[in-house]
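When the chains are written out, they are named A, B, C and D in that same order, and each has its own residue count from 1.
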Amino acid sequence: MDTNISVAVQTTDFDIAQEYARLAGDAAIGAIVQFVGRVREQSEAGAVSQMTLEHYPGMTEKVLRDIGERALARWHLHRVRIVHRVGPLQPADQIVLVQVAAGHRFDAFEAAQAIMDFLKTEAPFWKQEATPEGARWVDAREHDERAVQRWSEMNDEP
Amino acid sequence: MDTNISVAVQTTDFDIAQEYARLAGDAAIGAIVQFVGRVREQSEAGAVSQMTLEHYPGMTEKVLRDIGERALARWHLHRVRIVHRVGPLQPADQIVLVQVAAGHRFDAFEAAQAIMDFLKTEAPFWKQEATPEGARWVDAREHDERAVQRWSEMNDEP
Amino acid sequence: MRIFYFGRLRQVFGLGEETLVPPADATVAGLLAQLRQRGGVWAEELADGRAFRVAVDQAVVPPDAPLQAGSEVAIFPPVTGG
Amino acid sequence: MRIFYFGRLRQVFGLGEETLVPPADATVAGLLAQLRQRGGVWAEELADGRAFRVAVDQAVVPPDAPLQAGSEVAIFPPVTGG
């Protein structure tokens, strides 16, 4: 299954057109979902002038790959790609890409959502925001914990 | 609200990078979902060598815009873009793009799914497939009818 | 009153468009009854219980919807885009 | 046994990494008890009921998970990526 999953953790930006181009010409694919998460200029704490993402090298890649494998085991998917940036980012910068290619749209949409929900609650990334009141570590959000319950079958790890 | 909705029905291809670039630098956007539907080489009827999409000019654009407006009324969205191709298409060709930009991922994912479900059941497009047994009009699928029930609030049109 | 046919119905009827005067009762149901009287594929495809939709002025309507001389009518199979 | 700290905990502890011998009972709970004995921010941040996670060899584990001399341990706040 591994050949269908590709993950990357990087300081550099990613290009959604380039990621999409890898799927070009594959006529078994009927549905592609690309999700992009970006830095917002506003958070619960107020204006954000910069965001810095820290991670746990090694474990991050392992968790992302594992999330991809669980998605492939549950839905009919052709390919899963997850790219997450780390380091300093500015408002409007891209943070994360989840790209899922499937035969049908239900699989592609559900898998992309589930991957994001798991990434938000399992992948070892931590955000620190620079605000007018100084630097602030972002708190984990309860609604992300609730969202991940939707996919309870995917919680049963071997 | 209209300025946030853009629809196009066209014979020419669309470019997801170009569509995405329209959102560049907007730091109010935290989540973007791009869905692309493509022609599959296999359908229930077997191998597909070509697909031709017919539509009802005028009504199509009206229905797509109305679907976008209902999504904007229900979710917190910054922008909705729907592009649908008509005419002859080959396997792996792009058929439809739904792009939704929002502050948060739940809104972006749900709205994109709902828009596709409504498009599949309301927008006046008809597919004809060329197969080894000859041309065949694609049948409407019951699971699309069921899928659209998920968004029952959006069915209450004025 | 212009009437358009789309998709499989356009092909089966061998007709994409025609112009008729509104039926006596000026409703969609009256128009469908009139078309069925043509017999053959018309009676077959537009029979009660067959899956087709009618739009008046580009919005799908129920059988009791009114028709006027200037109405734009369309009859088509369930949609299959996306 | 290497121990890593991440995110807010790394900052509060003023420490990203250290090397310790496994605790007497060779469990995560034993290690946490030992760290709390340092007092101050250690006792405070690692108190029962505080939200933090422990990973051993890059997988999140419960408090009764075993530790070995070669274990890679990480202690961190709830994750906030994406």
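Operating definition for what follows: a residue touches a chain if its C-beta (ideal position, glycine included) is under 8 Å from a C-beta of that chain, and two chains touch if they have at least 3 such contacts.
On a predicted model such as this, the values are computed, not experimentally measured, just so you know.
The fewest steps needed to get from subunit B to subunit D, moving only between touching chains, is 2. Greatest centre-to-centre distance from subunit B is found for D, with centres as Cα means.
For the pair subunit A and subunit C, the distance between mean C-alpha positions equals 48 Å. For the pair subunit C and subunit D, the distance between C-alpha centroids works out to 72 Å.
Centre to centre, using the average C-alpha position, subunit A and subunit B are separated by 23 Å. Residue numbers of subunit B whose C-beta contacts span two or more other chains: 37, 105, 116. The set of subunit C residues touching two or more other chains comprises 82.
Inter-chain contacts occur between A-B, A-D, B-C. Taken in their complex, subunit B has these residues touching subunit C: 37, 53-56, 58-59, 62-63, 84, 95-96, 116, 119-128, 137-141. On the subunit B side of its complex with subunit A, the touching residues are 15-17, 20, 24-42, 91-92, 103, 105-106, 108-109, 112-113, 116, 143, 147. The part of subunit D that touches subunit A in the complex is made up of residues 4, 6-8, 10-11, 51, 55, 58-60, 74, 76-82.
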